[in-house]
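Two complexes come next, and they have one chain in common, chain A, joined by chain B in the first and chain C in the second.
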Partner chain A sequence: MAYLDLTIHEIHEALVAGKTTPRELAAEAIKRACEDQNNAFELIIDQDAMAIAESLAEPEPDNLLWGIPYVAKDNFSTKGYPTTASSNSLNGYVPLFDATVIAKLKQRKAILIGKMALDELAMGGTGTTGHRGTTYNPHDPRHERMIGGSSAGSAAAVAAAIVPFALGSDTGDSVRKPAGYAGLVGYKPSWGRISRYGLFAFAPSLDHVGVLARSVSDAAAIVEAIAGHDDLDATSAMIANPKGLPQLEGDVRGLRVAVIGEIVNSPHHPIIKSKFEEILKGLTEAGAVVERVHMRRDLLDAIYPIYITISCAEATSNDANLDGIKFGPSFWGDTYEQAMLKARTNGFSELIKRRFIIGSFALMRENRDMLFVRAQKGRRLIVEALNEIYKTHDLIIVPAAPNVAPRFVDGSDKLSEEYLIADNHLVLGNFAGLPSMTVPIGLKDGLPFGLNVMGRAFEEATVVNAALAVERLTGLKNLRAEGGVAR
Partner chain B sequence: MNFEAVIGLEIHVEMKTKSKMFSPAPVTYGAAPNSATTPLDLAHPGTMPTLNRQAVVYAIRLCHALHLDIDRELWFDRKNYFYSDLPKGYQITQNDRPIGKNGYLDVKSGPGMRRIAINRLHLEEDTAMQHHYRDYTLLDYNRAGIPLVEIVSEPDIRTGAEAADYVERIRSIVTFADVSTGKMEEGSLRCDVNISLRPVGADKFGTKVEVKNINSINNVAKAVDFEIKRQTQVLLSGAAVIQETRRFDDSLKETVSMRLKTDAVDYKYFTEPNLVPIRLSEQFVAEAIAGCPELAEAKYDRYIRQIGLSEYDANMLIASRETCQYFDALVADGSNPKLAANWLNGDIAGYLNKSNLTIDDFPIDPSRMAGLLKMIETGTISNKQGRDIFEKMLTEDTAADVMAERLGLRQISDIDALRTVVAEVIAANQQSVADYLQGKERAFGYIVGQVMKKTGGKANPGLASQLVKEALSHR
Partner chain C sequence: MDKITISMLKKAAKAILLDMSASEYEVLAQEFDILLRQMDLIGNIKGIDDTVPMTFPFEAATSWMRPDEPVPPEPASDILKNAGTTLADQIKVPKVVG
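After this line comes the complex of A and B, so read on.
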């Protein structure tokens, strides 16, 4: 039996029952990793992973993650293992410390078997801009469709059942978007819930650690394991970590659900729309109170420009450390300016340079008020509008994306009428730091699509509970792609 | 035409916290290069700043001493620029909301005092140290991230002497508050001077020149005076002062041009997203202020009002925090304050000067020194004997009374014993007694001298003289 095809909870039962072993699981995961067809990996960790797996002899019934293989996006610092953020600027960089989430999973005896490709420096939503090229969607063996990004490799590995879960990061929608395109549960809890120490910063005011898994309960369980206050991250919350979320019943009776009309009414594929309405009906029948609410159209139209302005501004500062002087490839020169110029010219793709220029431009003295400060004010207005909705409702539920995974050739103009709202609204959860989970709700020609559940800050239980209800309605648990692994 | 100098000072103070501003690396001076660093100090990806609580306590102490309004919320900003000594490509500082605003410091100006307004005091972090060689530069990140406060004055200073006194007073505050070693020569206190001239009575400021690299308080005055003279000459010759950054050359005692200052650099400030604003409770602020050691000004008042020292002695003592600490320890150990001040400002200061040492290196610890002073005060030994014992104690860690015993240096203050000696001396010097009785005052001194001689110098001179007078009066 291929235990890796199961959810974490199922694998755990098999481990405790002695039906399989960490060694067997790790060996199979590494084998599948080596056969990966989707260009998902930056690094396969084989020998060390096997050594850890072999050291795990006595099953731990109370430790769900004992002996479970997993992968991490290659923007989490891993001591002793090259970490590049899929950028040439970090080729050969070997971190000196483990990210807090990596350390916590190590402590729980989960086994890291790979570092995964991403859009360079986590900037991008297509999975096409990493320094090792495009990452493909395992649900499309012809490799015509994107998996989405930036946590592209992480999503591909979980969708292809190489591992049952992966760590990702989410600044705009970088966990939840690829989750939607890959039929996975993509979950980022509240800003401050999980320590970001060791996550390579893209835009810290928006950055979240997130997870990708194949069931709501699995995703909730991983977050339970890696969440909690961390002295090394001054923004990590002191609020106690909720327990028992993976065991919730999905009881939505009395839950007040808001559906933002302006998002639902923006262009979506009819199949997605009707499936979404079907789910809403199901939730209503299960006892939830589902209501349409309004949000100012101009605020929704502004999401993408605000996001680009703030994230690029923060990124241009965060990535200023990549100057070829202290670590990473060095090129040197007669002056420090030359050394930095060469390192940064060679280190970044044109796309990244463009983002840095946008960010710098927005922060320039003469533009700051007009762009950066205005974007921050816009963000504040959007957060206030969301808070207004949360005064009367517990959750916001909307379709995760306007369509299934797009073809590479089609591209997607983020500013077009077609995409402006429907493809960008997941950023709302980053603006306000809200717990947000994407779950699959259907398939169109074999390609998955999902919806998104977003709750009040630090009220993760409500989100998990509703997502469990959706999962029960769809039956789409443990969705796997057949095309990912040659077997 | 008469010009008036308009001078503003920016002072950076390195704080002597145990660890750095935002990382757990130790704060060191003189450690092996790059030994006091963590991944954060080298700006490794994924590292995050955590605020040093003690640095905030220190900043509050200084804000209080400089009469600044203390912000009850801490905000940090990023100052973005590329430079080889700046590992992250930005410095975390406080641009929009400094912890302290709108204070002042009174400085000596001619015979009186002038109030210099202080614009702000803010927290920030130091950069790496660069060592430039002909073909390459070496970087030492031990300094990167050391907590700094920057204190920015309003352009209220008018002369080199005022500028030097301002810096001296800041230095005194930061050292007495136990916030910094305040050593300009080691760079733990750094001073940048902004200076421009304008016709007396004018409102508009002239073109500003910034002078960096001043390594002592004396040189603050020299740099300012030189710059006033230089700019005066430039203006009188009909030329314009160029906006530039100059440095003070210690060997030339002149300022020399470093670089032209074109439009000010755009630092693209924004709020540091990895440090959420921190609210400072009233209790935290109150405790930070209450925990501040006594500052020089308060000590000066106490020394004069409570202890009765002279202004001269009090001034000498408060020139150094360590000297005050030594003095306070002597007094706490029961020494007569005036005697203690005399010794500290006299023999001890002389010894330290001669040996080129500071009080920290002074070999006699305060309790032993207090023992010596006690013997002098009670008349057990004379001041002169005290000096002899002091000399020995400098090289040998021994208590004063033990040393006195060993050297046989004990003053005879036993009245009966001295009376016997006096009687013997008078009996043996009848001619002198006769001379004295005939009005020759000099003979009295001779008789007392004979008493001292007969006791090997151990007689308490005051007592001896009194007994001789007594004996002669009976004649």
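After this line comes the complex of A and C, so read on.
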């Protein structure tokens, strides 16, 4: 039996029952990683992973992650292993410490078998801009459709059942968007719930650690393992980490669910709209109170421009340390400015340079109030509008994306309602730091699509419970792409 | 906002020690045409100028202090492995002061 095709909870049962071993699992995961057809990996960690697997002798029934192989996006610091964030500017960089989440998973005896490709420096949503080229969607063996990003490799590895879970990061929708395109559960809890120590910063006011898995319960269990206050992260929350979420029953009786009408009514494929309405009906029959609510159109239209302005500006500042002096490929010059200019000009791809220049432009003295500060003001108004909805409702549920994974050749009108609202609304969860989970709800021509559940800050239990109810309604648990066919 | 010129973009690039080719600046200028129209949408928000900027999702008060425990530093040799040019146990950079 191919145990890697199972969920974490099922693999754990097999490990405890002695039906398989960490060694067998790690060997199979590494074999599958070596056979990967989707350009998902930055690095395969084979020898060390096997050594750790072989050292795990006695199963730990109370430790769900004991001996479970996993992968991490290549923007998490891993001691002793190259970590590039898929950018040439970091080629050869080897961190001297583990990110807190990597250390926690090591402590739980999960086995890291690979570092995964991403959009360069996590600044993209297509999985096409990493320095190793495009990452493909395992559900499309013709390699015509994107998996989304920026946690592209992480999503591809879980969808292809190379591993049962992966770490990702989410600044706009970088875990939850690819989860939707890959038929996975993509989950980021509240801002501050999981330590970001050792995660390469993109836009710290928006950055979250997130996870990708093939069931709601698995995703909740991983978050339970890696969440909690961390003295090493000054933005880490002091609020107690909730326990027992993976064991919730999906009971939605009495839950008040808001559906933002303007988002649902923006352009979506009819199959997605129809399936979404079917799920809402199912939740209503299960006892939830589902209601349409309104959000001001002027706020929704501004979601993407606010995101691009804030994220590019913060990134411009954060990534000033990528200068080719302390780490990364080095270029000499007559002055230190020349050395840095050469390193940065040669180290970043054109897209990233454009993003940095957008950020720099928004931060220039003459533009700052009109662009950056105004975007921060718009963010506040949007967050206030969301909080108004949460005064009367426990959750907001909306489709995760307007369509299935787009083709690489598909263009989009960057001023259209579809682009500005339907394609980019998941960043609402980053603006407000809310727990947010994407769950698969259907397939169109074999390609998955999902919906998103978003709750109040630090009320993860409500989100997990509702997501479990959705999973039960669809039966789409442990969805995998086997030979390009969703199973 | 006024129309974006290549020289404005070069100024923004220079401020963060970056450069691009002429054709790359052209592409960026075209992107800015759309971007500024998107940014106009922020200006269209009712009440935008009467609002306080939001810098983080919510207040995350940290009234605690870390214990002042000494931690052994990483060996200089390990740190220097990531630097391109080194001299003795230091990172070598071009001369800053003449």
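Heads up, the rule we're going with is that the second predicted complex is superposed on the first by the 478 of 487 C-alpha atoms of A that agree within 3 Å, B and C clash if a C-alpha of one lies under 4 Å from a C-alpha of the other, contacts with A are read in each partner's own complex, and residues count from 1 in each chain.
Here is the rule we use: a contact is a pair of C-beta atoms (placed from the backbone, for glycine too) under 8 Å apart; a residue touches a chain by one contact, two chains touch by 3 or more.
Everything numeric in this text was worked out from a predicted model, so none of it was measured.
When both complexes are overlaid on chain A, the residue A:85 reaches chain B alone and has no touch with chain C. In the superposition on chain A, A:231 makes contact with both chain B and chain C. Legend: residue contacts after superposition of the two complexes on their common chain; A:326 is shown touching both chain B and chain C.
When both complexes are overlaid on chain A, the residue A:96 reaches chain B and chain C alike. Once chain A of one complex is fitted onto chain A of the other, the partner contacts of A:76 are limited to chain B, with no touch recorded for chain C. Legend: residue contacts after superposition of the two complexes on their common chain; A:348 is shown touching chain C, with no touch to chain B.
Judged by the number of chain A residues each one touches, C leads among chain B and chain C.
When both complexes are overlaid on chain A, the residue A:364 reaches chain B and chain C alike.
Residue contacts after overlaying the shared chain place A:298 against chain C, while chain B stays out of touching range. In the superposed model, A:198 makes contact with chain B only, not with chain C. Once both structures are placed on chain A, chain A residues 93, 96-97, 205, 231, 234-235, 316, 320, 323, 325-327, 336-337, 339-340, 360, 364 are touched by chain B and, in the other complex, by chain C. Of all residues in chain A, only 75-77, 83, 85, 90, 93, 95-97, 99, 196-201, 203-205, 231-235, 313-314, 316-317, 319-323, 325-327, 336-337, 339-340, 360, 363-365, 368, 372 touch chain B in the complex they form.
Of all the residues in chain B, the ones that touch chain A in their complex are 39, 42-51, 78, 80, 82-84, 87-90, 137, 139, 266, 268-270, 273-276.
Listing the residues of chain A that touch chain C in their complex gives 92-94, 96-97, 191-192, 205, 231, 234-235, 237-238, 296, 298-299, 301-302, 304-306, 308-309, 316, 320, 323-341, 344-345, 348, 350, 353-354, 356-361, 364, 367, 370-371, 373-381, 383, 414-415, 420, 430-434, 457. Residues of chain C that touch chain A in their complex: 1, 8-9, 11-13, 15-20, 24, 27-28, 31-32, 34-35, 37-39, 41-49, 51-58, 60, 62, 64, 66, 74, 78-79, 81-85, 91, 93-96.
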